[in-house]
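Below you'll find the structures, each written out as structure tokens.
Next come two complexes, and both contain chain A; in the first it sits with chain B, in the second with chain C.
On to the complex of A and B.
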């Protein structure tokens, strides 16, 4: 199965992959629309002093969340996302069967089922899951949200992040 | 019939799927004492309070059994297994098996010594859907409840009852709640959140007597002499492997069913997985039952692969937890209270009310607690399970923005250059 692999020597921390991901998963598929109409400002899950996305939502500033994120240390950076593992830890940990493998072998979320218990987030060894507060299925639970992770852009032949990266720091290929 | 599975929950569902990934035809028979499709016990509190719709309870779409060619015998309890004769019995009915997986889960532990426990209607345990269903039938006539046990199950049940509008008091024998998953600092913060959710907690105490008239509970008496008015009592002091029906079966049992790295018991072609099994714990190197979902599913999956002929090794389990009470999230890994001969890194950020604690032994991580800041928590799981020596970059671990770039290059390469 083809997966996204980082080539960290090429990553220059421009974070265009995060932008492309947000735009691809927006309603308008347009950067201005995604950032300034559908959401306010942007979020990087790797940023310093993260505001809890749920707090942002409560403050009336829902932010579209990237499913890939660049992690930065000093001058080196690396962009990573869900590995789409076989026998994935997140699927094994999910409290109620909200995660499943689609026919192509991608790990996907049943968005109307996830209860935001974060067993998956706890279980994923790659730190690839974030919390998406823009959707919730158990309204009475404060700061509820749903699982958020890379879906490999099912409507595209190659994921948006890989396509946009100007330095080839992300590749989409089959490896053994 | 090639495969027989006892149980219809996490371990069994994953075993079925792993068998099917390896053997698309071999007949599978699954037996469970409970009626209905596989559900998550960890959703019961949300089911009880009605905050989650019923569909969110079930583990798989309704065509799961049919699609996987599973003959499901539901509502039948296996009361005996005869390993030598290779038969199991359900009442008078006897079945032969070729390959057997025992995934019978856990059973609630009810402590002896509580006076009046058996004399009342409204005394419950909280591990099965049937308990939640009978609680739901009684809940209308009740305005307050006492939950005995401040572990995960007791607190989830208490929160569920509180969300259903019932006044709840939790009574815990230990000095603090969640003694297995949290340290005192984290437990204190969770306690605060629970109070805001309307759950009252009493620690260092226990119930000695249940009082009432004509089968109706009026109050409980605590060891301290204090009386608490209530119309319902839930006993949630813990669970133990559900193995009593295997007495005299010939299968080796310690606390749970002893299994090797392929989930095999001492008897050929009999496997065990999940809460009823006692498999390897990765940090201690000892076998112990760890009744959590990620371990039940992993063991079930490994058992399924091996039963179907694929060689798959269980690397050992780690105690893991993700808890959510009110708007507070906590994640913990490993042994969080064992600080003997350990280096403890701790940071409590009072402004954001975040808490992070890492326990290091011999340069490796043996326990982690993350509270209100659980972003990328799983990276710690990777470091623990791979026994990565973190001595050289331990100051990075405590950064609030700790991420992939803070790992050494060789660790990053091992994680991200090959398929998983």
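On to the complex of A and C.
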């Protein structure tokens, strides 16, 4: 199965992969639309700082969250996302089957089933799972959000983060 | 600079800036950010190595210290919404055709610090370019042109001393000299590891290997990662003698003695101690953190006889298997100097014109010393031909080669091969911002800071350098074809293919070309 692999020596901490991820998972597929129309991540006109995505949800204007993130320590940075393990501990830990393998072997989420118990988040060895309070089509009772991880951009031949990386620090390929 | 530690400047022997200096920190460029488009991804903040762009989380604004901006264009290119535009600051000073920013900007800086103003890259003053005043010939009715897409076109050339005559060929008395084969007449110019990043040097080395041409180590030694490319390396022996050993000389295609550099003829080099990292110290064979100083002259060369000793010392060390090259800057009397160098035993002469680049040089020297490559090249070729010693050395031209047309013109003026330095950096993304000496190139070319190095992966540097040289080669083939030639060696020194436009009679004579229309 093809996965996204990072190359640490090529990563320069520009975080365009995060931007690309947000844009790809937005409705408008446009950075300005994703950040300004859909997102309430910040509101400079009102003089507010970056506000919590949960508050954005309350306001009814959730912006997609990035499913890939860059970690930085000293001079070295690396971009990481869900590894889509073939024996994923998150899938084992999920108590109601909302995490599952699809036909291609990707770890996917049934958004309507996830209850936000965070067993997947605890089980993941890579810290690749985050919570997404801004997910669409989710009842408001799950205020803490639901599982959020890389979906490998099912609509694209190659994930958006890989396409946008200026230095080829992310590669989408089959490895044993 | 006004917020730095007290005493930091005194330790360098510089005067601490006082409040009145603030009046002199005029910004040259302005970073204009369209706030309606800024999504606060902070890519520009992370990309700027020159401490220009910052983010204030309290006010949620991205703001700029405009006087630090050097117009390297990194933020402009990286911004995902194209919200950034770098502009010239304001209207500038009152119009003055005598005092330009390059004059008063430097004067202010020196009044602040009392130091020599350093800079990078090549001479940017508006001296006349002879390349722009020369045009190429083309075949019409009386002589057919050649279509390079349908007929063979040869760009390969041999570099090194050629035999005296062919009559003795096959006999015992026949003496053959070591030559190196370049598949294209374009090689990469000497740029040392330390001045440029290892990634860029590796990229050039890999590109040279794939193209069948050469890269030059510069004076900084041959890093062990470059050993797989040693058959395409020209190794340099400069006045600092960094990294020179028998092993170094043998890990090469040719050896080069550097006497001068076009950007700074007659002066040496200085790599500051803080830039001498573990890798550089290993490659240059100097202690970590110590200044790498190249003296102005080679301290064992004070005459042409001394040069002969060094050339033959290198030839002995390499057991006469490598051609030895001597690189000189284009200066007055360059023809006589070149003649002496050839007679001293050099197999290759490199002539570096005053537009040639540098990793760091005093601005005043870069801008005012040396002569144009075109006239120097013409003079050297003419002199060597007249003295019947042209076959004893190949000529490599460098210093301000901007396009394939410049390559063709330089070869028609008498060069065998050209070196490209700045053009090779352009292939890696250089925006000619002239900050090479500061060691924090935003494009990862002239830096060794690990986070900036990641901006220029080796594969990218290699691929783009190959593309550039391949593109140029195709254009050179087209130009050869339209002149009715099918080999680059038929063009060498073929000045009938050049005509001057708007040059004086004396300039035409110096270049050895005829006026257009004649």
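The criterion applied here is as follows: the second predicted complex is superposed on the first by the 144 of 176 C-alpha atoms of A that agree within 3 Å, B and C clash if a C-alpha of one lies under 4 Å from a C-alpha of the other, contacts with A are read in each partner's own complex, and residues count from 1 in each chain.
One rule holds for everything that comes next: a contact is a pair of C-beta atoms (placed from the backbone, for glycine too) under 8 Å apart; a residue touches a chain by one contact, two chains touch by 3 or more.
All figures in this text were calculated on a predicted structure; none of them were measured in a lab.
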item: Which superposed partner A:75 touches (first chain B, second chain C, both, neither); value: second
item: Partner chain in contact with A:92 - chain B first, chain C second, else both or neither; value: first
item: Partner chain in contact with A:169 - chain B first, chain C second, else both or neither; value: second
item: When both partners are placed on the shared chain, which of chain B and chain C touches more of chain A; value: B
item: Partner chain in contact with A:18 - chain B first, chain C second, else both or neither; value: second
item: Chain B/chain C common contact set on chain A; value: 47-50, 76-77
item: Chain C contact footprint on chain A (complex, rising order); value: 7, 9-16, 18-20, 23, 31-32, 34-36, 41-42, 44, 47-50, 75-77, 164, 166-169
item: Chain B to chain A touching residues, read off their complex; value: 13-14, 18, 40, 42-43, 46, 49, 51-52, 55-60, 163, 293-294, 297-298, 301, 320-322, 324, 326-327, 329, 331, 372-379, 381-382, 385, 396, 400-401, 403-406, 412, 415-420
item: Interface residues, chain C side, partner chain A - complex; value: 35, 37, 39-43, 46-47, 57-61, 78, 80-81, 444, 449-452, 454-457, 459-460
item: Residues on chain A engaged by chain B in the complex (per definition of touch); value: 1, 3, 5-6, 8, 45-50, 52, 54, 69, 71-73, 76-78, 80, 83, 85-89, 92-97, 113, 115-119, 121-130, 137-143, 175-176
